[in-house]
Amino acid sequence: MNFPVIVTVTLREGIADPEGATIERALPALGFTGVTHVRAGKSFRMTIEAADEASALEKATALAERLLSNPVIEDASASIGTSAIGGSA
Amino acid sequence: MNFPVIVTVTLREGIADPEGATIERALPALGFTGVTHVRAGKSFRMTIEAADEASALEKATALAERLLSNPVIEDASASIGTSAIGGSA
Amino acid sequence: MSSAPEPLHRALGLTDSELDEIRSVLRRDPNPLELALYGVMWSEHCSYKSSRIHLKRLPTEAPHVLVGPGENAGVIDAGDGIAVAIRIESHNHPSAIEPYQGAATGVGGILRDVFTMGARPLALMDPLFFGELTDARQRWLVEGVVSGISGYGNSVGVPTIGGELTFDECYSSNPLVNVLCAGALPTDRLVLGIASGVGNLAVLLGSSTGRDGIGGVSVLASAGFSGEDGAESLDDAKRPSVQVGDPYEEKRLIEACLELLDRGLVVGIQDLGGAGLVCATSETAARGGVGMDVDITAVPLREEGMQPFEIMTSESQERMLAIITPEHWPTVAQLCAKWEVRASVVGHVVEPSVDAEGEPFGMLRIRRGFDGEILAEVPASSLADEAPLYDRPRRRPESLDAVHADDPTNDEPEGSPNEDLLDLLIDPAWVYRQYDSQLFLNTVVGPGRDAALLRLAGPGLPISERGIALSTDSNPRWCALDPRVGTALTVAESVANLACVGATAKAVVNCLNFGNPEHPEVMWQLSESIDGMTEACNGLGLPVIGGNVSLYNESGGNDIDPTPVVGLLGVVDSLIAPPPGWAWNEGDSLVLVGTRTAAGEVPFPLGGSRWATRRGRRGGNVPPFDATTLVPTIAFVTKEIAAICAGSRSDVTAVHDVGAGGLATALAEMAASTGIGVEVAQLTGHGELFAEFPGRFAMATSNVDAFIARAVVAGVPVVALGTVGGSSLKIGTAIDLKVGDIENRRRHALEDALTSTD
Amino acid sequence: MTRIGVVVFPGSNCEYDALAAVTALGAQADFIWHSETSITDFDGVILPGGFAHGDYLRPGALARFSPVMEAVANFAKEGGPVLGICNGFQVLTEAGLLPGALQKNRGLTFICEPTTLIVESTRSVLTRGATKGQELVIPINHFSGAYTCDDETLRSLEENDQIALRYRENPNGSVGDIAGVSNVAGNVVGLMPHPERAMSTLLGSADGRVLLDGFVFAPALAR
């Protein structure tokens, strides 16, 4: 079975995030107030073939930790998505 | 009230995604099979101050569309997160 | 939306008379696919139908020209068995909607034009034009475009060694992003985009094909032409035609193609640019006078349900078409596999057909399988070379007389000229610091000075002591006042830039950015500009070896100012020491080489100068172009500096041409670059501070008598202006500024403007 | 004759420059394609700059899985000198052969400009020809060059004398102004600046020779 999966990668707490900080600084000028703690990261969508949801998630977690993030500076988490892209194939 | 929000930005369907394609090509050699339709994107976590969840989401969506993505090639979506980062700051 | 269904040919951008023309070529009605092929190939962008009759007037020949206009890139013989290929192109419209990808794919496209010739790309340049930075959208465009060029150029591994940066209201809705690429090859390896040899294979290399950039042709999807599967949805038609670049794919493609060429495995090679596969197959077949069968099913696709018209016209990036002999196919396939470059045989070179008069011609056939159904069948050259040419109406703008009369030359400065000068200073370092400008260990003079200077060296090239110099120049302010003289002066400015690094100019490429050619005023500007370039090139003995025309740069009915961009390539015969820069030494004498005033004691006009433009004074006249005084001055400076490059001792310590912003700006830049001031005793008038007339040089010398004597012998006007020293720039009674303040203002001008938040 | 291997990944782009620098010093240099599984007959290995595998995902993230990296790790384990320049440094950290990570520059733009480096340790194979405190003008050219590590790692780097080079003026936000680090043994070293671009005054600086000469000509030392 095919499962849509989303992996999100964020910088670990304590690691400086200049991109998030830059966005946060720019917000008030654009009229957005009350937005704080902006952290920039990456997201990956994919389709994973597995026997069931649990094993799809397991596979995704392994992928997230081994490849999609650098544990020295990043945290990763995987979840089953509502709509992965490209199911049409 | 403060709401943890996650904004995800992905390339629109039909727009080439060389990063996703390159990652997908590399996977089998790393022992990951059955992973397809990999699409790389960005994610942003933040804390939004708003009266209620709905208006936090509204603010996040406006932010996502106006600042965090270029609608010509990207789709953005906002959701209330389970755990926004950075309460400690 | 209009309700009356538009005839298909018009929806595809073809006029009724163009449809008639197609009918007479085919001697029948075209089918929708054929119509789509003509639609893209006969577009202004691909066919140059409005500009071609004018471009023919440009001088294109010189003994060192190996390939002139018409090929993917122009090529000159640079000596020592090395040829240099160069090309410039625009990517204006894509950059306006997605600045990062628009600029990035512009870089990718120009690189392919150059390595198509067998040359390894060694240098990029990026002339950029935006609206004023007080507008937030312009700041977004600048950041996007610059990071797109940086992101693609750095990653693909070609240094960006210069460019231009112009801000003017007229580019607000229509930014210009031009990119130039130069590369080098062993002269004996030159290849052309020709398909020859019946039985040879056309191999598509690189990326898979998606629906990228199927701009206008996508009407076919909504016009009910759906092939047999009818799978397309309305979404397909609305799909943005933005292309995404993949520098990693391009890098591997460059290495694979150069290795194919090195090993003699290809007969001809052609990049896929505008109009994609139909352009590459029809051009190679037309040049070779042979036919070509294309198997639509052999093209690797990235998306499902793609129809033949989409496959043939897609502008997916990072693709090349190589023509090879069948026996080389296994080796080619293996080599491509090593570089992880996809390779597929998509075409067969076939016997020419014979027309009604018994003349042979190459037929392009699009088929479903090489032996399968024929979906389209048209003479290749009718697509590639036989688009109708137009002599569109031209008219000198009626307003021009009034514009000329509104002359700022005698305007008195209001307030302090010190402030005027500080306002003119802008260091583009914020831009070029983002570009790898050093790769290949060739960059002797990088971005930020008058011209870039590179060692003529690179992987696989014969050893040489030579250098090549490059400059891009434009002056839309001049060209708005007088497109003919303005263009001629732009060429002069470029030649002067090259002289500052000791290089002798060898060849010109140009990118002609103009408005809507259906406006007679725009056609007049274009024609005048081409005449001006012709006049300057003839006067300076320079061939034009390539170019690009970008029309329809307009928005809301307003055309941009005429913006011809000149790219100039020059050669330094011996480059073993760096040329002097802008940095003079305490105690040097400052001299001005070149005429101080226009004819007699008349000051140079200030029309079109940056000084006047900043004050909102956009009228007046430009100075005349005069090759007879320019040529000896340029030759003198070139010789002085070339001697230093060749390792000779010299009393010349600094040189800078007087360009945009005039003499005051040139001196301020020199002072800022070294931290040492200068005192100039007197001036002929305030106009002399800011007048812009190319072919004049501010130079510093440690032996003013010897220097002046040499200039006099060469018959070149020269005058000692003052003495270098101290910590201020003082010019007569007009300017008195601390060098530190100049440096500070100049260094931060761009970043301050980009980070302002209003 | 000393023979240096220059590893080439698809997407590397400074491999010719590294080759030219090594040959200019009088040694022999040859490319090692990333699919090679062993490194034999080399006295030292350089991982050059560029964008291995497009730098997709993260710089070095995919390159670390190239077959050659196992051979590089073995070569290093046996004491062979390994130098990662720029992207090569990023690959070495991703592969765990050097501590820390390289993040996007503080200013979020690519930077190409000359920097002044201070030699901090002369213990590494790269800096052994230099003197402690020596200043060298060497250009940087990167987007992700901000050296990052946690406090504990930073302390151990200092304690073990693993910080080879620091910037005089920090251009990118690197922790502790760090420009280059080595492993504990000193035979694996990575730096963001490009010594191969500073080999001749014609191009602006010849200070890179001090570093590369040390790397190329005392390779057997640690073995």
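Residue numbering begins at 1 within each chain, and the chains themselves are lettered A, B, C and D in the order written.
Heads up, the rule we're going with is that a residue touches a chain if its C-beta (ideal position, glycine included) is under 8 Å from a C-beta of that chain, and two chains touch if they have at least 3 such contacts.
Just so it is clear, the structure is predicted and the values come from calculations on it, not from any experiment.
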item	value
Chains in simultaneous contact with chain B and chain D	A, C
Pair with more cross-chain C-beta pairs in contact, given C-D and A-D	C-D
Approximate Å spacing (C-alpha centroids) for the pair chain B, chain C	37
Whole-Å gap separating chain A and chain D, where each centre is the average of the chain's CA atoms	30
Distance from chain B to chain A - Cα centre to Cα centre, in angstrom	7
Per-residue multi-chain contacts in chain D, two or more chains	53-54, 56-57, 65
In chain C, residues with contacts to at least two other chains	246, 248-249
Sites on chain A at which at least two other chains make contact	26, 67-68, 89
Residue ranges of chain C touching chain B (in the complex, touch as defined)	97-98, 101, 207, 210-212, 236, 239-240, 242-246, 248-249, 302-303, 316-317
Complex contact set, residues of chain A against chain D	14-16, 18-19, 22, 67-68, 70, 72-73
Interface residues, chain D side, partner chain A - complex	57-58, 61, 65, 93-94, 100-101, 103-108, 146, 148-150, 173
Chain B residues within the chain D interface of the complex	18-19, 22-23, 26, 29-30, 40
Chain D residues touching chain B - in the complex, by the definition given at the top	53-54, 56-57, 62, 65
